[in-house]
Amino acid sequence: MGYLTIGCFASLTGSMNYDFLLRLSKAAQRKGHRVSIWFSGNGSSSIKKGQKILKDYSHGEKHLRELISNGVEICVCESCAYARGIMKEDVIEGAKWSAMHWFLSKIYEADRVLLIGGE
Amino acid sequence: MKTGDVKLAFIVTKLPYKSETSRLAITHALSYQTVEVLLEDNQTITPSLIFVDEGVLNCIKNHKSMEHYELTSVETHLKNALLVEMDIYVCKESIEKFGVLPERIVNAEDIGAEKSIKIVSKDEIKEIIKRADHLLYF
Amino acid sequence: MKVAVFVSEYRCNLNPLEYIPAEKLGFILVGNGVYHAVLKENYQDSPILQQKGDFYVLLEDLETRGCETDCINPKVKPVTYDDLVDLIFYEYEKLMWLQ
Amino acid sequence: MKTGDVKLAFIVTKLPYKSETSRLAITHALSYQTVEVLLEDNQTITPSLIFVDEGVLNCIKNHKSMEHYELTSVETHLKNALLVEMDIYVCKESIEKFGVLPERIVNAEDIGAEKSIKIVSKDEIKEIIKRADHLLYF
Amino acid sequence: MGYLTIGCFASLTGSMNYDFLLRLSKAAQRKGHRVSIWFSGNGSSSIKKGQKILKDYSHGEKHLRELISNGVEICVCESCAYARGIMKEDVIEGAKWSAMHWFLSKIYEADRVLLIGGE
Amino acid sequence: MKVAVFVSEYRCNLNPLEYIPAEKLGFILVGNGVYHAVLKENYQDSPILQQKGDFYVLLEDLETRGCETDCINPKVKPVTYDDLVDLIFYEYEKLMWLQ
């Protein structure tokens, strides 16, 4: 099976790019592929725990937790998170907290790389 | 386990400052310097940083973002990339399209760096992209 | 090089496509990119569909926006998330997200 | 102190779902219903909700966002606006430009509302905008 | 003097639209005008306290506090904040927390209205 | 109606401008909108500068991007944040942010 590394720079709420990422990762994982996800830029707010589920807004926490429990590696850019007032203890359990080289190291191993932009 | 060198093309197509896009392209490329802590001895990563289309406007000198907005300029990141001798390419056709003169592009001499930004043709850029193992379009 | 280009916007700058050295190019229409598959602005195909390559549209995103599948341009093949995964791993080598 | 009615034109120019833009236009317009708690007795606000250019694509029926993404559709918000009899206008020239047939636009009858979305010409929309006290371009 | 009501839908970090809002509001307030600011959509994360100041990222907290202490009214959309995992107690002191009709009521009084978009 | 249009992007959809019933129109170039004031893409003025109206560019944003003030198109008047406030209150009545 293959290995897909995704970089997500899109913001959490209201951006369907983030919803796309969650669905694509689930589908890839379900088909037996390995998946790693790097959250950077405005994407870094996605890993905050305690997001209220309002039906008017994308709510990814449930999906992220499911991905993590199924073996998908998820990591957030520590400086991007800090700059948004998100501390290490705010991050959902099982998500990693690292510097940008984490993403590069996952790209090293990957068969396919998709960078989802933030604009 | 995979070994050897993996070539990454960081391709910047966006303007500076609207969002963090171009800044994050440069800082992610720069992180190759410390990635060895996460790799084995026989594994390396070599980034190229490539500016095309509107992205070339990131490479103009004399950004005053710190003066006006207390914000590190994209220019500062670019100079850091020059100081560590990263390969940086700017598309010649794009700077011509926008009427930007080559002397307005950040250069190595101003900061005492060895390696300059290279202004190269679209065809040369396609060749560099062709040799890359992965594409990162910012 | 076989490159899959994800198109997630309706208005997008196509200039970056000129720098892709691809022998095989596929356009995957997702998000608001699905409108390229169904709208005929001023009776014309979208400039994306005038590119050389294969075209796919994500059904889930099309339906999210109320677009009907019988309006899909005949150049474009409807796909699901599961199909996308296969395209990524078995049909293309490099991926690009067009903004 | 200001008294009387203030007319607001909420003008949606963006596509649905890329971001929250069009959704927030409708929900902000809808909030006029409860604004009286913050105003005096002789102060009122009357919103018009106007869809132009690409914004008209918000008004197509049968959004399946809940099925696929567990997300309230823009269509649902639009129907809420119809149910409270807000004035809603869609630009005729824009739907024609995109080849959208009028019967594909959300209508009041489907939900038993009294007031329909009005498909009107660009010139009529300019007249409505001219009468507004403030413009809110989303 | 005049009264300017601004709606900010742009996200905090990396969006220079947010920096523009801060500078414009300061200039208007300095010239003696009244200013109200409504944060909605991705703009709602701007009012989170404890944002780390990193020179690579726009950092508005200092400017928001200054505006508030100079009499600028600032309010965040409660549902937009909730959806991002931001609770009432996370909001910087002096900023208000309300529903969308707050913005409309400030528009009612305003001489000029500027809505800064989030795309 | 006197309308000031804030332009904060370099690539932007101008169609919404067709719906503004303005007798007097001003374009205020801020953020990446400042490039309209200084670039001549393919030797041409930007489509924004080809609109009918007055043009202003925010100096702080121009300098942030390394653009030189002697390159400002003669159609465009450089302004500061303080000037902007006066334009908003004394020259125009309605404001629009073009995205």
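Assorted remarks:
Letters are used for the chains, namely A, B, C, D, E and F, taken in the order the chains are written, and counting of residues starts over at 1 for each.
What we mean here is this: a contact is a pair of C-beta atoms (placed from the backbone, for glycine too) under 8 Å apart; a residue touches a chain by one contact, two chains touch by 3 or more.
From a predicted model like this one, the values you see are computed outputs, not experimental measurements.
Shared contact partners of chain A and chain C comprise B, D.
Pairs D-E and B-F differ in how many C-beta pairs touch across them, and the larger number is found at D-E. Look at the contact of chain A with chain E and you find the same residues on each copy: over half of the numbers used there are shared. With chains reduced to the mean position of their C-alpha atoms, the one farthest from chain D is B.
With every chain reduced to the mean of its CA atoms, the largest distance from chain A is reached by F. Computed from the mean C-alpha positions, the centre of chain A lies at a distance of 34 Å from the centre of chain D.
Once the centre of each chain is set as its mean CA position, chain A and chain E turn out to be 28 Å apart. For this pair, chain A with chain B, the centres built from the Cα atoms lie 25 Å apart.
For chain C, the set of residues that touch two or more other chains comprises 8, 11, 13, 31-32, 60-61, 64, 94-95, 97, 99. Counting partners per residue, chain D has 14, 17-20, 27, 54, 69, 134-135, 137 as the residues that reach two or more other chains.
Counting partner chains per residue, chain A shows two or more touched chains at residues 13-14, 16, 23, 41-42, 56-57, 59, 113, 115, 117-119. Note for the complex: chain E touches chain D at residues 7, 9, 40-42, 99-105, 107-110, 113, 115, 117-119. Those residues of chain B lying in contact with chain A across their complex are 2, 6, 8, 14, 18-21, 24, 27-28, 30-32, 34-35, 37-39, 43, 45, 134-138. Contacts from chain E toward chain F in the complex involve residues 2, 4, 16-17, 20, 23-24, 26-28, 30-31, 33, 111-117, 119. Of all residues in chain E, those touching chain A in their complex are 11-14, 41-42, 45, 48-52, 54, 56-57, 59, 79-80, 82-85, 87, 90, 118.
Residue ranges on chain F touching chain B, taken from their complex, read 8-11, 31-32, 35, 39-43, 60-61, 63-68.
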